[in-house]
Structure formats: C-alpha cells, structure tokens
Amino acid sequence: MPQYFAIIGTRDNPIYEAEFPSISGKNSIGFPRDLKELNPFILHAALDIIEDLQWQMNPNSGGVTTGGYFGTGGNSNSNSNLSVNNSNSSGVGFLRNRSNNNNNMENCYLGKVDHFYGLSITAYLTYGGMKFVMIHGTTGDLGGSAGGNISGDDVGGNASKSAVQIDDNALKLFYQEVHELYIKTLMNPFYRLNDPITTPAFDKRVRALARKHIVTSK
Amino acid sequence: MDPGRNYQANHPLTEQEKKQQQFRLFQESLPKVSQLAFQMLLNEIVPQAMAVENELNDLNSLEQTGDRTSAVEGERKGEGEAENIPINDLSLQEKEVSSYNTNLKIQPSHKLIMELAELEDEEKYNNILKRLRNIGFEMGKKMCEMLVFSNNPNLHFKEMDLLLIMKFICRDVWKQLYEKPIDNLKTNHRGTFYLIDYNYKPIQAFSLSEEAPAKELKMVEPFLEIPLGLIKGVLASLGYSPEEVICISSFVDKPADDRPKYGFPKGVSFHVQVNMKPK
Amino acid sequence: MGIYSFWIFDKHCNCIFDREWTLTSSSSSGTINSKQNEETAKLLYGMVYSLRSITQKLSKGSIKNDVRSISTGKYRIHTYCTATGVWFVLLTDFKQQSYTQVLQHVYSHIYVKFISNNLFSPYDFADNESEMRGQGTRKITNKNFIDSLNAFLSPMVGQ
Amino acid sequence: MSRSRSSTTTQSRSLKVTGEEIWKNKTEKINTELFALTYGALVAQLFEDYDNDYSLINERLFSMGYNIGVRLIEDFLARTALPRCEDMVRTSEVISKCAFKIFLNITPHVTNWSNNKDSFSLIIEDNPLSEFVELPMNAKKQIWYSNVLCGVLKGALEMVQLDCDVWFVADILKGDPQTELKIKLNKILKDEIPIGDD
C-alpha cells in the first residue's frame, strides 16, 4: 500500500516530502493522481489534531508562555491510539545506536491520529517541535474513493469501510530512525531549523528505511 | 525483552539505576577528543572575533574607496593568490604553495584580547559580543537536540517545565562541556534564575602579569558571551524563543574555602530571566 | 640549603624569570626578577649555552645528548631544555643528584598552565627584533605563576 | 627515558605507545560531537561575517589555528618530554602517532613523501572536526573546512624551529576520495645566538 510521508517544521511548513509506492509484482503503485493533490490537505487536517493531542497530553507545559513543545506526554494516559510502551528498538543509528535505549522515544510516537476515507494518518512528534506525518493509503479496496472520484456524501462522515491497518511497531522503528537521520541533518552547521532538506543522501536513506520497515510488497 | 530480569544477586539495580548505568556506558562509548584542544579552540574564538571585526572594517573602509582587493593583497604583501589548481592533477600539487602560509600577518591572542578590552567604539564592541553570543546560541541549540535525543534517563519530558530545563542545563549541558556541573542554581520560581559557576573552567588559567583586577574582569567579559548564548540556545531549542529570554553575566566572590589557590579570582553568575506572560 | 636560585631563559637568549632564595629559614625570603641578577643571568646563560653547544658537537650533532647538570666547586647547575627553546635552570647544593623531575613539573604544571594556556599572557616575551639575542628585559610577573612556583619550590629551599 | 640508539621501527613503535598511553591515562576528554558542534558554529558564523568570501575564511581559520598551535606545542612537549625532531621523517611520526593521537584521538596515515624527504602528506580518516558537516554547494569549491588544523601544525612546528608550509589538497567534504593535508619544510630556523658571541 502506498504511503505519503512528510516532515513538518515548527511553523507548520513542510521541509521534506516523499511518497513510497507499494510494490506489487513488477509495477509500483502510488497514490491515484487526484488523491495525490489531496495529500497536503489531509496532512493539514491531521496537524490540527496533532496540535490538540500535544496540548491535551501536557497541559501544564502549555501554560508557561509558548512553553516547551513538550506535548509528547507520557504513554500512560488513556488515549487509545497512543503507543504501548515497547521494548528497545534495535535500529543502529549514526549516533551509535542511541535509539536503542530510548525511554523517551516512544512517547514521541503518536500512532494513528486520524483517518480519512480509509486512509490512516499516523504521526510522530519530536521534542524540538517537528512533526513527522504519514498518510497510509490502500491500493485496491480504497473505500468509496478508489475510483478516483470522491462522492459528495462521503466527505462528511468517514467511510464505514475499515481503515488501513497500521503496524505500530514497524512504524515506530521507521519514525525513530528517520528522527535520528533528521537530528544528524540538524547537526550540520550549515543547516538552519525549518530549512527544506534537499540533500539526496537524506532522501535515499529515508526511502531505504521505508523499504526496510514499512513497504510490504503484496 | 524485559530488562529487569537480570538483576545482580547482591543488590538489584532499580529501574532508574539501570538506566543511569546504561546511559553512562553509552556516554563512555562515544568517541572523544582532548578537553584541552576543545578549550583552546573555544577560547581562541574570542581574540579571533576581534580580528574579524578589524578585518571587516578594513575591507569596508576600502570598499568605499573602491579597491577592496588591494586591502587584502596589501595584507598578504602581494604574494600570488593560489589560482584554483585542478586537484586531480597530482603533479601540480607538489608546486602548489598555499597562499596564506608564508606571510600572513597574524596578531597574537593576548594582544587581540587586550585590544578588545580597551575598545572605546561601543558599536564595534557590541558587534563582537553579538558575534560571540550567536556562536554560543547555535552551539546551545544543536547540543540540546543531541543531548535530549541521547535520552538521558533523568530527563522526563512529561513534566518538563522551566525549572527542570534549568537543571538540565546546570547538570547535563555544563558537565558535557566543562566537566563539572554548575555550582549553584537559585530561582524565585517566577522565571528568574541564577546559575553560579565559581570556577568557570575555560578562564581558570587567565591572569594578567601586573596586579590589575579590574582590567582582568574587563578582559574576561567577552569570554562569558559564549556560555550566555549557549543557555539561550538550549532554551530556544526547547521552545522558549530568544525574544522572551534575557541572559546577562556578572561576577561573584568565590566562597573562601573552596578557592583553588591559583584560579581566576572571581566566580561567574549567569542571570537568566524568562518572562512568563501567559500565552 | 637545598636550592639557591631558579632561572628561566627563552629562545631569544633572554632571562625571562629569576628567583633567588637568601635565607634557608624563611622560604619566602629572597628576590624575584631583581636588577642585580641581570649580570649573573647573562653569565649563567653563557656558561650553559657554551657547554651545551660543546656537548652537541662532541656527540656529532645528535641533539639527544643534552646537558643535564653541571657541577662546580660550590654548587650544581641543573638544566631542563625544551624543544621550544625554553630553559629551566636550578642552582642547588650537592645533596640531590637530579632535579629533572622537579624542573619537568615546573614546566608541565606551572609554566604551561599559567603562561602557555593563559591567553592573557604572551607566549613569546620578545616583542620585536631589538628584544632578541639576549637584549630583552621583559620578565614573567604573573601572580598565579609566581605563587604556584613558590608553593612548589620553596619547601625544597630548606632541605 | 633512556634514548638508546634503536632502529626507527622500535622508535616509532614507542611513539605509538607514548601517544596511546598519554591519551588513555593523562588526558581529560570531551565528546567529539561537542567539539565538532563548537567548530561548526564558529565556521557557520564566519560564513556569515565574511559573506561567503571563502579565501578570507580559510585565512581566518588558519590564523586561529596558528594562535592555538604556538601554545598547544608547550603542553604537548611537557607531557611527552620529546626532544626536537632531527628530520621530517621523525617529525611525521611524532605528528601522526603522538600529536594527533593525544589531541584528537586519531592517527593520520603518513604518505606521498617527496624524493628529498622534505614534504609529506597526512591522510586523515575520521576527522573529528567535520562530523555531521555537509558543505553548501557554492562553498565546496574553495573552502577548506578544517583549515584550523593547518594553522595549528604551522604554529607548533614553527615553535620547534621548523618553518613549514601546511595546506589542504583534498577533503572528503568537497567530494574528494580522501582528506589529505600536505606539510613541506621550507627551512630549519637557526637558534638565536647571544649578541657578541657570533
């Protein structure tokens, strides 16, 4: 199933976007054309939800002026789609597998935050206030909108068809390792916060991580 | 995999201790360089900031008179600028002598520091301090991202408020850079903090030849801009924008007993003010 | 009376520091960078300089063969010469054979810390040509240097 | 340290041992990442100050290194108690096996000797200064990011009477296959003789 992945800056500006087509047989299937244009809008809808999640999870930090971005909140509260406290991920990052003793990592992963016509949207929030968001599409059985036209009545309620299933653990690994790659980019003295990330090396590595953790060939 | 299973027989480590130990082992495994090399680099930024200001002024003044290159050439006493020799043509490398090796006019650090301390031109002085503070700011921002990312067990993001961030600076940030934590943190719990370091490491060997305590304090002032910028950088990376944070430094007397006989005569207090207007 | 006096010479043949102890009883007695010692400094430098160049010539130029100490009837001169041309010289009685350890400590823990790593202090005490080849008069007057040197050497005065 | 005449291999082995021993037991250490971040913040600031005039930035980094080198050499000699090097081969050994090890915990590889043995190259593998660094495109042609190292070597060598030229010829950050720095001896500086003795 194809994914659309984006890193959103602290001022809600996308600094990196990529689409991971799913591979079935020889050809790779991406998002149907009209859905592609929808992605940015779906993304923004999800951002508002993430923002609410952010303050809801950490009300006291919000009180202090802009407060820290620390809406990451613990994984203890009741919000169901928050991730469960997971075991150490085995990702060997550039910072010498920092991510394997990650007691803070999992509370950045927000899991599935929204769904839209069978598309699931998951998100990951860094303490620096960056948002990693992914729209998980399905190929064939894409609810009512598979045929490319979104019929009017579907727009209101979300499609009754079951949304795409999300493998939390695999996704968390992907998000954490992309987070590590992002930190490495941030450490570059010539990179300024919220600059678009255009280095081919970054793109290549993110796609490799996507292949490793998420894209399941059908 | 539940990490708690393999407790040692005699005294089982609590979860927190286990994480501390794991974090410590991880920190020890990281590649290291010499602290002195770091300190010499950090300190040399200050005299060079003075040299940069001088050079930029020379260039600007000549810019008005239109022949900027001659200023630079003059300084290099007219030896040929190394044109861009194709790197892959190895044979040429042998003859390539770098343009700045032989006769660059290099001012020694102590003279630049004296010049900076005696600078009357307020605007130039503030330019230099701003440059130093900005370097500290960038260091603080990036360092914070990295330290936080290396998930130090005693960092809890759930209740990360200002006081906890200040403790993070006093303990983790200071220890990473200066091998010792801040000696004393005071606060009025309304956004005002005093971070007191009685022996700010980079300046402990500084002393003038003649008995001139006031002069020494003036000369050391620019060296405090980098840590001030660093504090603002850490706060900025954790959500407190620079406009809301005021950082100034002042000197404090050292407690009588702990005075290492030959350190810098005064301790340093970093005063941090975060204005707390509710959003 | 273990130690009589301590001298530092730089690569410009200048004496940049001298400390003389007069009374065995009080180790803080004596002079620092005193005018009367300027002549003695030149003589001392000349002696060490010529003996060093002779030993180097005798050992066919290999610099490994360096002068360690020179004994006269009344005292012994201990020298520690660094690759950067700084000489640490100690005049002592005959009780102790070698002061190399002591001079090396002065170099690494006092000179390096309060002169080389001290950005307020010059690392080269000759400001221009006219202060080279033994004509310079600048001295180390850095309080931290002098205090820590006294704390380290003075106890050895009375031994 | 007895200085019996021994073949150069044992001598250079003992340099290696000295370097490692001093690094392990007599050196206060700091994380390389912080060292790289500090240097990075400085260089980024210079890019701004000099409005990307890369030749001036190279010079500024060189001058900074020189001022560090002339002082750092004293600490190096105090801790290693090494005498002056009698030739450039010995110098290259001391620099790569001792100096770089004690200060940056790396051991660059010595190669590309000139036939009269007065110049050689240092191949630096894991350069601690350039961790995380991606040079902006327009800087890649002219900037020598780690030029401070050339200054440090120039300053330190000058203090031990070796007037050398030190410059970069290749840098991985520019896309070159390796980071290579060249050291060439111009002349051995004579020790000063007291006035009246010549």
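To keep things simple, chains are lettered A, B, C and D as they appear, and every chain counts its residues starting from 1.
Basically, contacts are C-beta pairs under 8 Å (C-beta built on N, C-alpha and C of every residue); 3 or more make two chains touch, one makes a residue touch a chain.
Which chain is which protein? Per UniProt: A, B, C = Trafficking protein particle complex subunit; D = Trafficking protein particle complex subunit BET3.
Note that this is a predicted model, so its numbers are computed, not measured.
Trainee: Any idea which two chains share the most contacting C-beta pairs?
Mentor: B-D
Trainee: Between chain A and chain B, what is the separation of their C-alpha centroids in Å?
Mentor: Each chain reduced to its C-alpha mean, chain A and chain B end up 35 Å apart.
Trainee: Averaging only over C-alpha atoms, locate the centres of chain A and chain C and give their separation in whole Å.
Mentor: 69
Trainee: So how far apart, in whole Å, are chain A and chain D when each is placed at the average of its C-alpha atoms?
Mentor: Between these chains, centre-to-centre, one finds 45 Å.
Trainee: Got the chain B residues that touch at least 2 other chains?
Mentor: Within chain B, the residues that touch at least two other chains are 30, 36, 40, 44, 47, 108-109, 138, 142, 146.
Trainee: Enumerate the residues of chain C that touch no fewer than two other chains.
Mentor: Where chain C meets two or more other chains at a single residue, that happens at 117, 123-124.
Trainee: Give me the residues of chain D that touch two or more other chains.
Mentor: In chain D, the residues touching two or more other chains are 33, 37, 40-41, 44, 70-72, 75.
Trainee: Which word fits how the chains touch one another: line, ring, star, complete or other?
Mentor: other
Trainee: Across the complex, what residues on chain B touch chain D?
Mentor: 27, 30-38, 40-42, 44-45, 47-48, 51-52, 55-56, 72, 81, 84, 87, 93-94, 96-102, 104, 106-109, 131, 134-136, 138-139, 142-143, 146, 176-177, 179
Trainee: If we count contacts the way the header does, which residues on chain B are in touch with chain A in the complex?
Mentor: Those in contact with chain A are residues 1, 3, 19, 22-23, 26, 29-30, 138, 141-142, 145-146, 148-151, 153, 155, 157-162, 165, 237-241, 244, 274-279.
Trainee: Could you list, by residue number, the parts of chain A that touch chain D in their complex?
Mentor: Interface residues on the chain A side: 95, 184-185, 187-191, 199, 201.
Trainee: Over in the complex, which chain B residues touch chain C? Could you list them?
Mentor: 36, 39-40, 43-44, 46-47, 108-110, 113, 205-211, 216, 219, 261-262
Trainee: With touch defined as at the start, can you tell me which chain C residues reach chain B in the complex?
Mentor: 113-114, 117-124, 140-145, 147-148, 151
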